[in-house]
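Read the structure below first, then the notes.
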Amino acid sequence: MSELLFFSLLNGIVTGLLLFMLASGLTLIFSMMGVLNFAHASFYMLGAYFAYTISLYVGFWLGLILAPLLVGVLGALVERYGLRYVHRWGHVAELIFTFGLAFLIEEVVQFIWGKETKAYHEPEILQFSLFTFFGQDFPAYKAFMLLVSIAIFIVLLLILTRSRIGLIIQAAITHPNMTAMLGHNVPLVFMGVFGVGCALAGLAGVIAGPALGTFPGMAVVLGSIVFVIVVVGGLGSLTGAFVASLLIGLLQTFAIALDYSVSDLLAVLNISVDAESALRDLWALSLPQVAPILPYLLLVLILIFRPTGLFGKRET
Amino acid sequence: MTSAIALKGVVKSFGPTQIIRGVDLDIRQGERHAIIGPNGAGKSTLFHLISGRYTLTGGSVHLKGEEISNLPPYEIYRKGLSRSFQVTNLFPQMSVFENVRCGLMWVKNYRYSFWHLVDRERDLNRRVMEVLEEIGLANRQHVPAGVLTYAEQRALEIGIAAAGGADVIMLDEPTAGMSHSETDQAISLIRKVTEGRTLVMVEHDMGVVFDLADRISVLVYGEIIATDTPENIRNNKAVQEAYLGAEAEHA
Amino acid sequence: AEKIKIAFIDPLSGPFAATGTNGLQQFIYAADELVNKKGGVLGGREFEIVPLDNKVSPKESLVQLKRAIGDGIHYVVQGNSSGVANALTDAISKHNRRNPDSRVILLNYSAVDPALTNEKCSYWHFRFDAGADIKMNALTDAIKNNSNIKKVYIIGQDYSFGKAVASSAIQFLGEKRPDIEIVGNELHPIGKVKDFTPYATKIRASGADAVITGNWGADMVGLGKAIGETGLDVPIYTYYAANDGITKTIGEGGKNRIRLVHEGPVNPPSNDVYKAYHTGFKAKNPDKDVSQFRIVNVIQMLAKAMEQAGSEKPIEVAKQLEGMEFTTLHGEKVVMRSDDHQLIQPIHISVHTNENITFDSDNSGYGMRTESTIAAADTALPTTCKMERPE
Amino acid sequence: MLEVKDLHAYYGKSHILQGVTFNVKEGEIVSLLGRNGVGRSTTIKSIMGEVAPQGSILYRGRQIAGLKAHEIARCGLGYVPENRDVFPGMTVRQNLLLGIKDMKVEGRWKMDDMFDMFPNLRNRADVDAGVLSGGEQQMLTMCRTLMGDPDLIMIDEPTEGLAPKIVEQVGDLLSEIARRGVSILLVEQKLAIALKISHRLYVMGHGHMVYEGTPDELKANEQIRKEWLEV
Amino acid sequence: MTDTTHLNGGEATAPLVKRLGPWIGLAALLVVLPMIFSTNSAIYTMNLMGIFVVFALSYNMLLGQGGMLSFGHAVYFGLGGFMSMHLVNYIEEEIFVLPIFLVPIFGGLIGLVFGVIIGSFSTRRAGTVFAMISLGIGELMAASSLIFVAFFGGEEGVSGDRTMGPNILGVDFAQDIEVYYLIAAWAFVTILLMYLFSRTPMGRMANAVRDNEERAEFIGYSQRKVRFISFCASGFFAGIAGGLFAINFEIVTEENLNAMTSGVVLLMAYIGGVGFFIGPIIGAVVFTLLQTLLSNYTEIWQLYVGVLFVLTVMYVPQGLTGILAMHGPAFRMQRLGILVVPYIRAGLPTALMLCGIIGFLEMIHHLRAAAVGETGMSLAGIEFDTHAVMPWVVVVLMGSVGAFLTKTQMPQLREAWDQANAPLASDKGVTS
């Protein structure tokens, strides 16, 4: 049991921090620029594929540097030549745009790399098990993941608190002209921030690729979980996103690890139920089963009782 | 007779700062009452408190003898108090016509009906046209409110507030940002639409105030320092101190 | 002459696209090589495979079925997901009842939920892959002989097939090795799991010394990887842990650990005919494999049935397929059992390795080498199927 | 320092500015008078590049027509809009911070100078600008622009919605600003102030200047006032 | 921008014909369509359209009219579907008797019920909070549908047989055509109802709350209640659409209520134009056509669809209906004629360019997808060899030349456009 708990804790943290790498980018793009960027996970996927291709020629480490940069540039271009126009037509338009974009990216990826899972592997030096506990290995690569995402957190936090960038974005969203007339180069800021956001997503992809597999569906399986994190954490709050990521990471892993079901609960309260009723699924319902929905349950509850999210200040 | 609006010891604080510090005020039925005072004195806040936009920290508000403290805005409106806003506050995408019609729907008792067809309601639409005539926007009825010029929007603002025929109407700086000619039109419009009703208004343009108001209250830092007829207010030293300054001579 | 269209309804996009596209290429190749190049059927009529993407969704499949029927297609091949197969069988039976003049036949090459040849069986459904229970019967034979297996963990995708695997595993283990303890029986959502590590941890913690899974596509890749990473070194008995990128990703980690139950022996190749076929396929599709030999049987047996019937009318062809005896490229004798339309064929158990592999998978150097074989006759299991036959 | 020649501007098809020509010298307060809708705001907006200008706008000898708004601002022009464009989501302090163009360079104005001028703002320093009173917002917009340390500041109807007493203060403030070496281009309705503080005045007719002179000259010129300013 | 601006006021006085004309037209159209397009696949496509039209319209009651951006509208569609499917099965098992064509009502009711339950807390706020709650609920429901197998049937969903109902005057819905008329009838009724809803006080207040929720409270309406009512109504109609779906496909699965479906309906509504009542109708029709037809001709159709969305939001933010609306003024001034020639002059080269681009994409795709040695491919009936140089030269030429010519045509087009829309002296002031 203790083995299970210990490793679930580790896995939870790993998953959480991985999610955070994605969320960090979306915090910039969604909770600051207010762009409902449904293509975020797609940039994450691009990161993985770019890195894969690069690593074929110059190895993992250069991929780790170059791929995110590439994705960032790509993101910046998307902002410059796409979103910037669409922005005028409001959030829904932006949403549809990114929607279409996600569609496109997935197609293009299949177009270029095909549909099979790519054999994109951890670098040799990280392919050992950092420690073995209860005879179970903990891959060094995961430790590496932890470090990177914590680094991201700290760096971003510094940038956002030390500079006015956050303020400028916030101002520019509602009053672009006024902000410009105070001498701030609004378009540049937007392009930059969006680019950085995408680069972060790309970085997440580079790192997740070897761990979670590099295949055309990798964006889709993430689904909207990243939005959940940003919203639960609270719009505009990086710390919030960080905490929420961990929370959800742990929530999911532990739910899978702990095999309890409603009937167990009832058994404890020694209530007996007939196993064939239409509600039988309810009695059979077990934690691992509901694992995938817990984040969304959390989301809904949070929004009902604390619409600003855990750390957020504003609602919209 | 009961007063139209009666404030008793009304207090409002935002966090630590107290903005309204115990206001008692009686506004008589049918009078035109102006509230003046320095910027940030709390005039708009007072409006918000009466109309239910903010909740009271303390004290009570009565409308025609009935307590309305802390009711939601729509409840208060239904009891016959209607207001306009300092910053124009319309339904930008909807046509001028629709704006006014929405302003009429509740009082005309349609509530949340989804079994009437608004276009079929002859007298509703007739009334809307009347209002549009009054505020002089009849020829702009199809234009989305959002594209009206500033002055037109102010007029519509007043129109919506007055359309429902509520018997207490509150206007927050109705003539702000208008030129002299526009202001004059606004004044006569306000006269027309508030005929026989109670009017409460905030205004910095002394011309307008002294022209329209039967009585004036002066609000300074959350307290009413005087309530009186225009003449007495103008000659009230305290008021000149706190508010009018040299303006007194000009006006 | 006018081509005979065969609708291929399987995932060409989404998490199982790889499995689907590979199947498609194998059908196209088989049709060309074994039918069209040999002068077609019924006097020169060629087979044309019409790919229709269903994203492994039952609903989407019915949409595609309607389209196929709309284009006057009478033959549907499908395999990926028994969920889909169940829906299709049901829909096709309905359709055939309502439109006796434009009937449709479902040739199922991979959906192995036993229900399809038992309670849900239909006259219009023919299965060329061995049912999940048949395969489990074979797997458990292998487990039976491995005496140091004491604890088994069963994990699978949460749908009819996954459930079928689990239940038959429990049943057969119960019969053959009552001493074995089932330390875990887990179902996870199909195609939605991002990271299998938590499951792997759980398996590891359960102290299992063997794992049984029916996972396929992305779900097998993920599971394989995750188990590898926890350093869990126990045999894994699988249905589909090969090709489609799976072999490549598992690589060294799975050597001599992963076992797979399947039809059609690849390594060592049975005979030159097959060698030639396989080589030919690789030449045309370098990055794909002959991962589902049954596809060849589908095409050949369909062709044969048409020739015997002397017509492409489904009703006639079905009559011929029923009970058809056939010798495959491998030279194996197979028969389409009439009472449930389950193809009775030899079953092989192979191991994931890179030693004396003639045809590797995913060009990874690793491949499946046959360890044991169960003769066709011995695979046959009783069926409860009572199908209503037309007129 | 600002030299506007034959400036034209359009809203869609309607030709608003039809050849506006005027100038502002270093350290000067120049007022732009005229009826509503003659295009005074538009003039300023097109100088700031918010409305596309046609014609020549020289600022300290540099052609700024056609530059982007933020570039113009960084040349040293400041603009206080007529419609109280505060950033509602942010506190007063943050609004003022955003006024600063470059955190590194020391400006003429510190935040405290602003607070000294308008004590209201100091008290409200940490509340959302959106909830400020109308007047306070007006003050804030002006201060925010000053934080950017402009050499020429263009103010559009600063006394709008201000209490009469404050209006006088604003008058003094403007003179104070000018004393610190900032030139001012002022658009004003209230003739009284304009006459009191400006060195020169222009009167604008429909889309072009119809009169230029000193306050005293204008006071003297009955006819212009009647015709163009409807006193 | 909203249709309301164009229709209000005048409507009241409009002559009967003008008011009923469109509806009679619609009815007639629905009746004759299957006679014109009578192939199986055509019928099938039109059935799908009918369902999506209703669904998309119901969605627009939220987004377009109520300003509520929902990512979970499929929930009501799906639940309606499941409910109806079970109902069909009950009917088959003769647990109770009901003509099949009434089944969608119950789909609607379940949609309504859940609208009430979920709306009671999700409509408290608008904006992002609402959007995200809807997203959460959507995912919750989708996931639960896989867990609660008893009701939702897990991965395989629930299927049934629509022909088992008591057959009234010989209609047993065995054939799609019969189903077509059932769907058409329902579509007509629901479209009419939803249109009328938008013209009721409730519908109007929905717009008001969308535009300025706060002010609405100061004219007597509780923004929350207004949103709530629209929400329930929209849930009801979505449920009906779900019921139609169930009858048409005889299967309902998790996808009917998952995020993808919610996304699709959002796309349909938006691409069509949320600002117009008919927007979603057009959106649904176009979308269905793309989905069913395009995929017949090319394997990379999703690529094209993606591109289409991106281009639409970039250049016609008001949606496809927006393009039509743009021609409104010119049409009223009988000036459309001016545009015909310029359109042709610009259209031909554009078409050429598109052919080039599409050809290029298709050939690349063929290179990647086709088996080695399979160099022959056929495009629009033309057979050629992808490994030869010529075809590439051709497509590239088509693309570039087309692009160039298009560019040269733009000025004259713009000119013609301005000319066509130059305001008459009469309609001064009336902007929009």
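Residue numbering begins at 1 within each chain, and the chains themselves are lettered A, B, C, D and E in the order written.
Definition applied: a contact is a pair of C-beta atoms (placed from the backbone, for glycine too) under 8 Å apart; a residue touches a chain by one contact, two chains touch by 3 or more.
From a predicted model like this one, the values you see are computed outputs, not experimental measurements.
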Problem - If a chain touches subunit C and subunit D alike, it appears here - result: A
Fill in the blank from the handout: Overlap of the subunit C and subunit E neighbour lists contains A
Handout entry: Relative to subunit D, chain with the most remote C-alpha centre
Key = C
Completion exercise
A student comparing B-E to B-D should find more C-beta pairs in contact for B-E
Exercise for the section: Could you tell me which chain lies farthest from subunit B when each chain's centre is the average position of its Cα atoms? Expected result: C
Problem - Distance from the mean Cα position of subunit C to that of subunit A, given in whole angstrom - result: 35
Practice task
Report the inter-chain centroid distance for subunit B and subunit C in whole angstrom, where each centroid is the mean of the CA atoms.
Solution key: 76
Problem - Distance from subunit E to subunit A - Cα centre to Cα centre, in angstrom - result: 31
Handout entry: CA centroid of subunit A to CA centroid of subunit B, Å
Key = 49
Fill in the blank from the handout: Shared-interface residues of subunit C (touching two or more other chains) are 13, 158, 189
Completion exercise
So subunit A residues touching two or more other chains come to 114, 289, 292
Exercise for the section: For subunit D, write out the residues touching at least two other chains, lowest number first. Expected result: none
Practice task
If two chains touch, include that pair; go through all of them.
Solution key: A-C, A-D, A-E, B-D, B-E, C-E
Fill in the blank from the handout: Residue set of subunit C touching subunit E in the complex reads 12-13, 25, 28-29, 51, 53, 57-60, 62-63, 66-67, 69-71, 81, 83, 86-87, 90-91, 94, 98, 158-160, 189-190, 283-286
Practice task
Sort out for me which residues of subunit A touch subunit C in the complex.
Solution key: 1, 3-4, 7-8, 11, 14-15, 110, 114-119, 129, 132, 134-137, 139, 211-213, 215-217, 220-222, 252-253, 256-257, 288-289, 292
Problem - In the complex with subunit A, residue positions of subunit C that touch it - result: 13-15, 17-18, 21, 158, 186-189, 191-195, 197-199, 201-202, 204-205, 218, 221-222, 225, 229-232, 244-246, 248-249, 251, 287, 362, 364
Practice task
Spell out the part of subunit E that touches subunit A in their complex, as residue ranges.
Solution key: 63, 69, 71, 121, 124-125, 127-129, 131-133, 135-137, 139-140, 143-144, 147-151, 259, 263, 266-267, 270-271, 274, 300, 302-303, 305-310, 312-314, 317, 364-365, 368
Handout entry: Residues of subunit D that touch subunit A when the two form their complex
Key = 48, 50, 68-70, 72-74, 79, 81, 85, 87-90, 94, 97-99, 101, 103, 144-145, 148
